[in-house]
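Pasting the structures in now, so scroll down.
Each of the next two complexes has chain A plus one more chain, namely chain B in the first and chain C in the second.
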Partner chain A sequence: MHDSPRDRRHLVVPLLVAVGLLVLLLLPLIIPSFYLFLSTRILVFGLFATAFNVVFGYAGMPSLGHAAFFGAGAYVVGLASTRTELPFPVVLLLALLVGTALGVVFGLMNLRVRGIYLLLLTLALAQAVFGLAFTQVSITGGDNGIFGIAREGLVPVGLPYFYWFVLGIVGVSLALMWQFMRSPVGMAITGLRESESRLAATGYRVGMYRVWAFAVSGAFAALAGMLDAYLVGSVSPANLAFLLSAEVVVMAILGGARYFFGPFLGAALILGLEFYVSTFTTRWTIVLGALYIVTALFMSDGVLGRIAHWRQRSGQRAGTATGPGPDGSATSSGGPVPDGVPALPAGAALPSMSGSGPAEPTPSRSTASARTTASARTTEPRP
Partner chain B sequence: MSGPRSALQVAALTTFAVVLAGCGDLDPSAGGVPAGSGETAEGEKGTVNVGLLNPTTGPFTALGEDVNAGFELYLERNGGTLGGYGVEVVKEDTANDPGGTTTKARQLVEQHESDIIIGLVNSGVAYAVAPYLEEAGVPLLITVAGADGLTRETDPNVFRLSYTGSQDTMPAGDYVCDELGHRTAAIVGLDYSFGWEATGGFARVYEDAGCEVVQELYAPLGTQDWGPYVTQIDPAADVVFAVAPGSDSVRFFQAIDGFGVTTPVFVHGSTTDETLLPSLGATAEGVQSSLHYAPGVENDANDTFVAAWTEAQGRSTNQYAEDGWAAAQSLEAALTEMEGEATPEAIREALAGVQIDAPRGPVYFDEYGQAVYDVQFREVTQQDGEWVNEVIDTAEDVSQFYTYDPAEYLEFPPYEELKGTWAD
Partner chain C sequence: MLWLSNVLNGLAFGSLLFLVASGLTITFGLMRTINLAHGGFYLVGGYLAFDLFTRTNDYWLSLVLAVVVTAVLGMIVQRFLLHRLINQELPQIILTVGVALILGDLLLAQYGGNPVSPPAPAGLEGSIQLTDTLVFPKFRLFLIGLALALAAVIMAFLRFSSVGAKVRSAVDDQEIARTIGIRVPLMFLLVFGTGTALAAFAGVWGGAMTSLSPDTGFDILLLALVVVVVGGLGSVPGALIAAFAVGLLDQFGRVLFPEWAMFTIYAPVALLLAFRPRGLLGKVETR
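Up next is the complex of A and B:
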């Protein structure tokens, strides 16, 4: 059966990945320096959004405080590079440590809250970190922030080298997170979203996995913040601001929070659009706002979710699609998640919020499982 | 989202967004030379690319747009050329975000090949962008951002036409103490760097003049209820010195008015800005302030500016519009001195020696790139039914160090450390 679509897919996917990687590697030789700067920033925010999705898309916890991790990582660089002579590996370790520690704090504080209350509590915690940076002027520079962060000694001078450096770190981080989500702990974190009460009934200590999710997410978000500080050359309270927390939520939803690479795509789309549209009109915020509304109304499963949906529909029309969808996202899943793909059940793109709003795209897609998950989460008494 | 109905909704929403977006293009707001259109006016000496980097979205939109409009108004009146060079303007939005603005600054320099960047309102943004521009060798002319530390290096790449945080309040220290005879003052400021610098500048000079600060109150940025602060003001103080620009100003004066505080109030000029006066109305009547500009300044340059601005905008001039106008004037003066290709390096050198007669009065840059100008003392009065800042006195030739020796002044601890120590 050498020509079966499935076998061909086995060849096509690695080939596409290889070509994509090659293009990414050769990018500095192809595009002008300004676009390289933008591309580097997209990589950084892609990492940030992917890290955020560990808590949001996988664990099903709508955090609105992730700027705290990003900013913390950035401030580590700001303080380390302007006040100390610490070598880069130490700074990297510090950023990871601070991100993890902050993640553990966030996780512990959010052990017993769900849905909108978790959203508010994470927001409050992040605002506390923001307030700290804003008021501790002698350390953080207050509202002016820390500036003049140099990359000297990190990589050879020149943006291309730094781009490759970022590409390497982002690549390794994504691989680590991908692997983590497939580990027993990662699977348990996904279980939090599917049914926390069932997970608890099976004997899992659900609280620990909530902390795990925040810790891992915080560590990689801080890493992204670190890279951004090196790239931009400055840190300010804007790196900790509520706006950034909200933006990363939108990135994850727009790209598709059910998919590992969805948030990365969302980050690329939003940064690209922000840059592109703002070059043409002062009302660029309106265009982006309209885009967010359209996303929330008609594609709460994100770009990747839409693509999967269309591919599945065209497949059904051709009468070939049986069982799992083309990319393995089991659309009728009640059973175990297929190996290698931790997809949400269809229609549950906005965990914890999917049952509460008018965000359901069409009745046919809002599967019963999403409804029960959502209602179980809110109504069932805690063990 | 299948079906014609939802498709129609998407189409309608998209059309709505595009139409709205189309209303706000990046063309010059005063109808000058269209940005990036390639229709740059011919100059006999060549062309120069100017990047206007101001907020056109976010909390400082009104300020950024007035700076842009002031710059473009001057350019338009000169037929799109300055000092013999055709000027191509590209405008970008800072959106009040340091990271995003760094991206935009790179775009202006690397893609549009801007020879000079003009603008910036937020000091945090200015601090973030300045090192990159220095590295790229492109001069930066700041028009609003006020942090003292931005202009502290000699042979600078950064020039600033607007005030440093303390520059406009230092003369007020002498004026309030000696001229107005208020011997004790209570300070009310916003609790962030501009608040500390503006109140600190006043306090330093006021105390050096032999008067005494008896109280310091700092309220967070965006304080909704000023009652708790206003009611704390020591009734024994002869004067309240306040720094509360923007929306805080309106609520501050409402509280002053509402709680019946009768102590005279003296403020940093941005607290009774021309953009705020219509909202302040009678609550600010009689309030005195110090600022480097007032629409009532009497000189030819200001007459021209006020006439042109009022015709184009139909409202009063203000410091931001004047900053933009004066920026165009400074650039013109620099370009007039130049021959040959307008490189960033040549502009930087020429700008350092510029002397202009701006609407605010004579202006030149000190060796740190900071403008030296006259500071106006103003009082809110009603004229022909409009609230205006009437000029009551002037302090001439005020530098960022006022009467202090620059070397000595630079040794002082920063104002953020002195905050809270003035009343001791």
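Up next is the complex of A and C:
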């Protein structure tokens, strides 16, 4: 979406997608079932992180409460499968509905807050949901959660079938989100990140798009939670906990929050590393903490951002691009970006925190100048 | 007299929350950093005091050493990690969560997962007869007084000392503070050290009240965060009021609607943030 020239993409991308899909489809036949469990988990959390990124990377709202949606979806499965006989399509619809409704609540509550207050408000909302799951013992099982969620009737018994099932749902969800981000509503949501004031000045109802972002993100995050509950077979308040909200933020940033597949990559990296590290030490949490620190200090534009940066630099060194500059990662070619406007530095790739981003040494005074830099690259190329 | 005992218990818990939140709120006030490793430093302080007390059997030595060592640890984190991220709130949050995870897991590795109780000073054991029917633990009563005293000390320090004046000027306008020769990075280091020292101090006292285990760090952190937010980010008197309010709300929530205990704290906080983001006594954001 953001990177590499268009003409080359026309050939390379579909090919890569086709090969990737084929590999993913054949995966259960290639790898042992232990790795298959990991792969399924990566798919689930990849979906979660991608859904989170609608609010975070696209709309530029740093939410610290996304575990609420994930956990809500998981609890829908937990309650539905242990207390009712509802068929799967109904459970799926319920999870989507609960996620969307919760997303609308989050969106409406967050209409007036920015930056650090948005972080804190989403955190408080998620904690309220966590508190419900924790204390309503008669319904949710409290701290113990709900056990014995069966996948019977869903797919034939066996992890490969469940893997294909998850792959299907995740694939369709990603395709839907990809398409959504290219719809007029999705473009407006991206506009929220680039310059909310400018979006408002052009007549968009900014608040509505904030709610939209949370609703869509919440729906797909709940879907991921639903899949996780089926995969693990149990639900507990840990599915709603603050640490999960923090982890999904790190997944998105580590992979590259500016890119559609960045968060998915981040999820794969963290879960893969967890799997690898856990084979020789029980102190995974320390490694995870170190990873958070490294991400915060050095990976603010993510792995994909780094790669784009390196490619841009090697392109410069080869001398292929003289003149107005190589096709930077942030300014896609063909976009309505005027010549001479530089791509934002790589360090600015994080969704800016309401005027206190790294690029601004003076948070209180220089908002106007910062806004002009940001608004110069407001739009993405429309397909 | 049951309600009076509930009120006192609520106030005591609120006092504990204030002890934790005070460090958090002054760190935020100057540095605009929500230090999510605060709960980790709280644990480190409590565990260190516990460890030192079992070795030396000297309460005051354990308390002072625990507080000083934790403050030094906090300053190391600030100097080598956090100071690179000035004004970048989200990376700061991720970094401090990472630090908290590491601290919590190191404590788990060292001391195991069972709860431990840091020492309490001599003379505060047992209970005191307040009225004919009400018996209340001395320790908790003392904690309320301690919170009030600490609030007074911090406010007086910020209000009347020259360092406090520099801190306040840096809060109000960092650039002007720099231009008139206030060494803001040094202030940052000192304030962060003070914040972690307060966290450790709270860990020793709070641990003695509720006992500690490596996973309680985030619980207490989130409650302290609520206090800081409700009081208004950076406001010490606001934090005091909010701490007592949250303590009472928590106590009565537990007694009256146990099924809704956490919800009765976080849902009102979310509503308050949605409609009045600056909290009770917070400054108006001028951005």
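Here is the rule we go by: the second predicted complex is superposed on the first by the 314 of 383 C-alpha atoms of A that agree within 3 Å, B and C clash if a C-alpha of one lies under 4 Å from a C-alpha of the other, contacts with A are read in each partner's own complex, and residues count from 1 in each chain.
Everything that follows uses one rule, which is that a contact is a pair of C-beta atoms (placed from the backbone, for glycine too) under 8 Å apart; a residue touches a chain by one contact, two chains touch by 3 or more.
Model, not experiment: these values are computed from the prediction.
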Looking only at contacts as defined up top, I'd like to know whether chain B or chain C touches more of chain A. C
In the overlay, answer first, second, both or neither for which of chain B and chain C A:Val232 touches. first
Go through the superposed model and pick first if A:Phe147 touches only chain B, second if only chain C, both, or neither. first
So, does A:Leu38 touch the first partner chain B, the second partner chain C, both, or neither? first
May I ask you to decide whether A:Glu274 touches chain B, chain C, both, or neither, giving the answer as first, second, both or neither? first
A:Phe134 in the overlay: touching chain B, chain C, both, or neither? Say first, second, both or neither. both
Intersected contact list for chain A, partners chain B and chain C 134-135, 137-138, 243, 283, 285-286, 289-291, 293, 297, 361-362
Residues on chain B engaged by chain A in the complex (per definition of touch): 1-2, 6, 9-10, 13-14, 16-18, 20-26, 56-57, 92-93, 95-100, 102-104, 106-107, 110-111, 123-124, 127-128, 130-132, 147, 149, 191-193, 416-417
Can you tell me which positions in chain A touch chain B when the two form their complex? 32-34, 37-38, 41, 134-135, 137-138, 142-145, 147-148, 228, 232-234, 236-239, 243, 274-275, 277-287, 289-291, 293-294, 297-299, 361-362
Could you pull out which chain A residues touch chain C in their complex? 62, 64, 109-113, 115-117, 119-121, 123-125, 127-128, 130-132, 134-138, 242-243, 246, 249-250, 253, 283, 285-286, 288-293, 295-297, 300, 350-351, 353-358, 360-365, 367
Residue numbers of chain C touching chain A in their complex, please. 32, 34, 81, 84-85, 87-95, 97-102, 104-106, 108-109, 173, 175, 218, 222, 225-226, 229, 233, 258-263, 265-267, 269-271, 273-275, 277, 286-287
